[in-house]
Amino acid sequence: MEWSHPVGVWVGAIGTLALFSLIYRENRLYRLFEHLFIGLAAGYTIKAVWTETLRPQWWVPMTSEGRWPWVFALFGGALFYTIFTRKYNWMSRISIGALLGFAAGQSFQATANVYIPQIRGSFKALWVTRDMLPPGSLVTPLGQSLNNILFVVIIVSVMTYFFFSFEHRNKALMTTARTGRLMLMFAFGAIFGSTVMARMALLIDRVWFLMNKWLGIG
Amino acid sequence: MSNPLQRLESIDRRILYAVLLIIVVVGLLVPIPLPLAVGPQARGVYEAIENADPGKIVIVSTLWSASTQGENSPQTRVILQHLMRKRLRFALIAFGDPQSTTLAQELAEELARENSYEYGKDWINWGFRADIAGTLKGLVKDINETIKTDSIKKRPLSEYPVMQGIHNVKDVGVIAEVSASGNYVSWLGLVVGSTNAPFCYAPTSVMAPELYTYLDSGQMKGMLFGIKGAAEYERLLGIRGFTTRAITPVSLSLVLLFVLIGLGNYGMYAAKKRDQKGANG
Amino acid sequence: MTHASDRWESALLVALLAAIVLFTIITAQRGRKYFIRRIPGLNAIDEAVGRATEMGRPILMVPGLSGLGVVGLQALTIFSYIIKTAANFGNRIMMPVADSALYTVAEEVVRDSYAAAGRPEDYDSNSVYFLSDRQFAFASGVAGTIFREKVATSFLFGDFFAESLIFAEAGQSVGAIQVAGTVQTTQLPFFIASCDYTIIGDEYYAASAYISREPTLLGSLVGQDYCKILVLLVILIGVVGMTIPQLGKDWGFIQWFTLK
Amino acid sequence: MNLQRLLGSAFPKASGSWIWISILLAALGCVVVFFALQALPGRARKFLIAAVTFLAGLFYAAEFFLPVDPKTDENFLTFAVPTVGNVINVLAAFTLGLGVFSLVRIHGTKVVKLREGWENSVVLLLGIVVMAVAGLEFEDTRFYRSLFRDVLNSFDAAMFATLAFFIISAAYRAFRVKSAEATLLMFAALIVMLGQIPIGQYLTHWLPEKGSYASLFRLDNISNWLLITVNAPAIRAIGFGLGIGGLAIAMRLWLSLERGAFFEAKADN
C-alpha cells in the first residue's frame, strides 16, 4: 500500500513552509501549524505507546498468556496518578522511586562498560618504536609519539580544569587548567564544524521534498 | 559616518537566510561534479560487511526519525544495498522513536523488491523497543525470548527460516546502527563486549566527532560520517544516487559560511579601526 | 562486560569510585566542611533573574528532553533554586516539559519552590506544562513561546540534542539573556556560540552543590574530584606501563582494564 | 537456589476463564494494598519509598556483581533481566496519560473559555484525536500512512531543517577573532568544515594521499587528525567527569541520599 497521498503532501508542504517562516518572524500561520504539530505528535505517542509497549508487553501477556501478575504493573502505573490528589500523592513516589532505583542500579554496569575501555584506550605509550605500530602503518614512530603525548596532555589538562574542590591558585595548576580550557574550545570548534554539514543535509532534503515531491521539479 | 564595510559586522540575519536558501535551490538544480575521497572510516564499515560470515545474521539497528532523514535515510539505504548485494541475512531493530522502525522498514521493503529479498527468509523486522538497555541485555542472552515476535506479521521468531540457528548475539555477524543519537553507549556497554561481531556506526555528522575515540580504541570497526559517509559508500558500491547529487549544495552552503565568517571579521576589523581613529582624532 | 566476573579488577574500580563518593558524603554529613571553587556560569543565574525583573517579561526554563532520571532531576533541582529567587521578585515563569514522567515531578517541584519562598499563592498551575515528547514538536512549541512571549531570560538545563540551537538562536533573536548547561557534549558548542553563559561538562552536576551548599552534595562533589584523581592516576600508571617496553600491553595492571 | 522456579510456583500461569478471575483477584488485592499503604504512618512511608528504590537498584547491581556460572554466564538473577526490562517499559508507558492530561487541561480550558488563540487549541485537540484514532483503529489505511509520513514526518524534518539557518547566523556571529578562545573555536571549525567537503578536499588534492610527510597537510588528514588527537581526548576527559558525576547521583538516588528539589522532607504529609 502507498505511504503517500497528494492531500497529505500538500498539508506537509504548506506546514513545512509555515514552520520555516519562523526564521522570518513568528506569525499566525506558524502558530496554527505549531499547534497541529503538537496535537499530532501527542496522538501519535498515544498510538505508539499502546501498540509498541503496552499491548505486546503488558496487555497480551496478561490477558492471553495467563500472566496475571502483570496487573501489578497497572497498580504501579496507577500510583503515578495519585499526584493529582493531596491526600494520596505521596504514593506516586513509590513508582517514581522504583524507576529511579532501576536506573541507578544499571549505572554500575553502564559505567564499567563505557568508561573502562576508554581508560584502557588512554594508556598510550609516550615513546613509540617501530615494532609497536601496526604493520603497514603510515605514521612514523616519532609522529605517533608526539600524537600520544598530546593526547595524554589534553586528557590531563582538561580533567584538571574540572577539579572543583580547590582554587586554581598554584601557577602550574592554573596553566594546566587554562590549557584544558583552550583545548576544550578547540574540540568544541571541531564539533561545531562537523555539525554544519549535517544541518545543510537536512535543509537540502526538505528543499528537495518541496521541489520534487510537491512541485514535481527535478 | 557608517561605512558600508563596517556594516558587514552585523548583516541582518534574514539576508543570510535568504542567500542560503537560494544557494540550496540552485545547487540542487545545477549539479556540479566535485571530487570525493573515501576515508578509512567508511571503508571500515564496507569491509566489515564484505567479510561477514554468511552463516550469521546482521543486525541493522535504526534510531532515527524523519527529522534526521536527510542523513540517516541515505546511510540506511547504502548499508541495506550492500547487505542485499552480498545476500546476507539481516534483521532490523529500532530504538528511540517508534517511527524509526517504519522508516527503516519502508526502505527495506523498497530495496527488497528490487533485489528479490523475501521477508522471513532473507530478512526480518524485529520492530521497535522502548527499553534500550533491557532489550540489548536480552539480545545477549536469548534473542527469541527477548524479541518474541516480528513486527510485521506478529509471528514468533522461531517460525521464520531467517532465524534458523540464531540464538543470541554470538550468532550475529555484524552489528550496524544508523543513529541520530548517542545510543552507541548502550551497545558498547551492554552488547559489544559479549560478542566478536564487528560493531559499525552510521551517525549524523553532528555526532561523528565524538565517535573517533571509539574508533581509536577499536570498540567500533567503522563509521559512516553523515551524508558524506553515505556518499563515500555509494562510491564504494559504485552507485550514483540522491546522495551524490546532494553533496554539491552541501559544499556550496559551507562555502557561503566561509564567506560570511570572512565578511563578519572584516567588518569587525573595519569598525575597530574606525573606533581607534575616532579615539585618536 | 555483562558481569563483574568478566573482569573483576575493572568492576572493582567502578565499585571503588562509588565507595569514595559515599565516603565523602558521609563525612560531610557528619559535619566535615568542604570547599568548592567559583563556577562563573552559575553566578550568572541571579543576574539573569534580575534582568527579567527589570524587563517585566517571563523567565523560561527548559529541563531538556530526557525522562525521569539523573539528568532531568538535576535540572529541576537547579530550577527550584531559580524559582525561589524569581518568586521573591514576582517574575512570571514558564516551564515546558518534554516527558510525562518528569512532568509530574516538575509540577511538584515548582509548587514546592513557591511554597518554600513563602508565596504559595503566586504558583500558577499553567506555568508548568507538558508540551510534547516528540523532539521537534517540542522544539516548535518552545521556539514559538520564546518569540511570542519575548522571554527576558531563558535557562536551558538538561539533556539537549539538536534542538539546542533552535532554542538558543530564538532566544538570541528576542534579546533574551541565556544560561545553558547540558551533559550532551556535542551540543555545548552551540550553547557557547549563542548563549551568554554556558555550564560545561560536569559543572552541570556540580551546580546543585554549588547553589544549595547542602553538605551531602558538597561531600559528593568532593568525592567526585577524588574519583577523577584516581582515574587520572590509573591512566598515568597505564601510560607509564605502555611506555616502558619491559611492561607493555601484557603487564598485569594494564590487563586489569583490558576487556576481551 | 532457583528463584525462577520459586516465582513460577508463587505466580502460576492461569488459563481459560481463570485468567480473568486471577486478574480480578489480583486487582482487588491491589485495592486492599492501596488502602493499607494509606494507613501507614509518615515514617513508614518514607522507609517504604527508600526500600522500593533500593531494591529496584539492587536487582541490577546484584545481577552485575554476583559471580556467574561460567558455563551459562548467568547467576540466579540473570533470567529475570528481560522481564524487569519490560516492567520498566510498562511503568514508564503508563505515565503518558499524565502528559496528555496536561495538554487537554490547558487547551481544553482555552477552548471552553474562548481565550485568545482558542482556534489553535481546537486544532491541537483535534490533532490528538485524529492521529490517535487513525493510528489505533485504521493503521493499515492510506489515510493514516499519509498523515504519518507526509504530514507528521514532514513537520519533524522541517523544524529540524530550520537549524541550517540558525547555524549560519550563529556561526556568523560567534566566529570572530576577538579572544583566544573564540579564535580557537573558529579555527578548528573552519578546518573541520574544509576537510569534510569535496571543495576543501579539492584544495589539497594534489598532495600525495599517503606515504610522505606532505600528505600530512592534506585538509582531510588535518581534519581527521584534529578530530582524533585533539577532539577525542578532550571529549573523553569531559566524559570521565560526566560519568563519575552520573555515578555519584545514581548512588545518591539509589540510597535515598539525594538532596535538593523533590527530595526535601515531604513524603510524610
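The letters A, B, C and D name the chains in turn, as written, and every chain counts its residues from 1.
We adopt the following convention: contacts are C-beta pairs under 8 Å (C-beta built on N, C-alpha and C of every residue); 3 or more make two chains touch, one makes a residue touch a chain.
Keep in mind that what you see is a predicted model, and the values were worked out from it rather than measured.
Of all chains displayed, A has the C-alpha centre closest to the centre of the whole protein C-alpha set.
Taking each chain's centre as the mean of its CA atoms, C is the chain most distant from chain B. When C-beta pairs in contact are tallied for each pair of chains, A-D comes out on top. Rounded to whole angstrom units, the spacing between the C-alpha centres of chain C and chain D is 15.
Here the spacing of chain B and chain D, counted between their Cα centres, is 19 Å. For the pair chain A and chain D, the distance between mean C-alpha positions equals 8 Å. Looking at chain A, one finds that residues 3, 19, 22-23, 31, 33-34, 37-38, 40-42, 44-45, 48, 53, 80, 83, 99-100, 103-104, 106, 108-109, 111-115, 117-122, 152, 155, 159, 162, 184-185, 187-192, 194-197, 199-200, 202-203, 205-206 touch two or more other chains. Across the assembly, chain C contributes 1-2, 4, 11, 14-15, 17-18, 68, 70, 73, 101, 104-105, 108, 131, 133-137, 140, 162, 185-186, 189-190, 192-193, 200-202, 206, 221, 224, 228, 231, 259 as residues in contact with two or more other chains. Residue positions 13, 17, 20, 65, 67-70, 99, 129-130, 133, 137, 190, 193, 205-206, 209-210, 213, 216, 225, 228, 250, 253-254, 257 of chain B are each in touch with at least two other chains. Chain contact topology: the protein chains form a complete graph, every chain touching every other one. Contact residues on chain C toward chain B in their complex (touch as defined above): 1-2, 6, 134-136, 161-162, 173, 184-186, 259-260. In the complex of the two chains, the chain C residues touching chain D come out as 2-5, 11, 14-15, 17-18, 21-22, 25, 67-68, 70-71, 73-74, 76-77, 79-81, 97, 99-101, 103-105, 108-109, 112-113, 126, 129-131, 133-137, 139-140, 162, 165-166, 168-169, 172, 183, 185, 189-190, 192-194, 200-202, 204-206, 208, 212, 214, 216-217, 220-221, 223-224, 227-228, 231.
Put simply, chain B touches chain A in their complex at residues 13-14, 17, 20-21, 24-25, 27-29, 67-71, 73, 98-99, 106, 127-130, 133, 148-149, 185-186, 188-190, 193, 204-206, 208-210, 213, 216-219, 225-228, 242, 246, 249-250, 253-254, 257. Touching chain A in their complex are the following residues of chain C: 1-2, 4, 7, 10-11, 13-15, 17-18, 34-37, 39, 68-70, 73, 101, 104-105, 107-108, 131-134, 136-137, 140-141, 143-144, 147-148, 170, 185-186, 188-190, 192-193, 200-203, 206, 221-222, 224-225, 228-229, 231-232, 234-236, 238-239, 241-243, 245, 254, 257-259. Contact residues of chain D toward chain B in the complex are 74, 78, 81-82, 84-86, 88-89, 92-93, 148-149, 152-154, 156-157, 159-161, 164-165, 168-169, 171-173, 175-178, 186, 190, 192-194, 196-202, 205, 209, 220, 224, 227-228, 231-233, 235-236.
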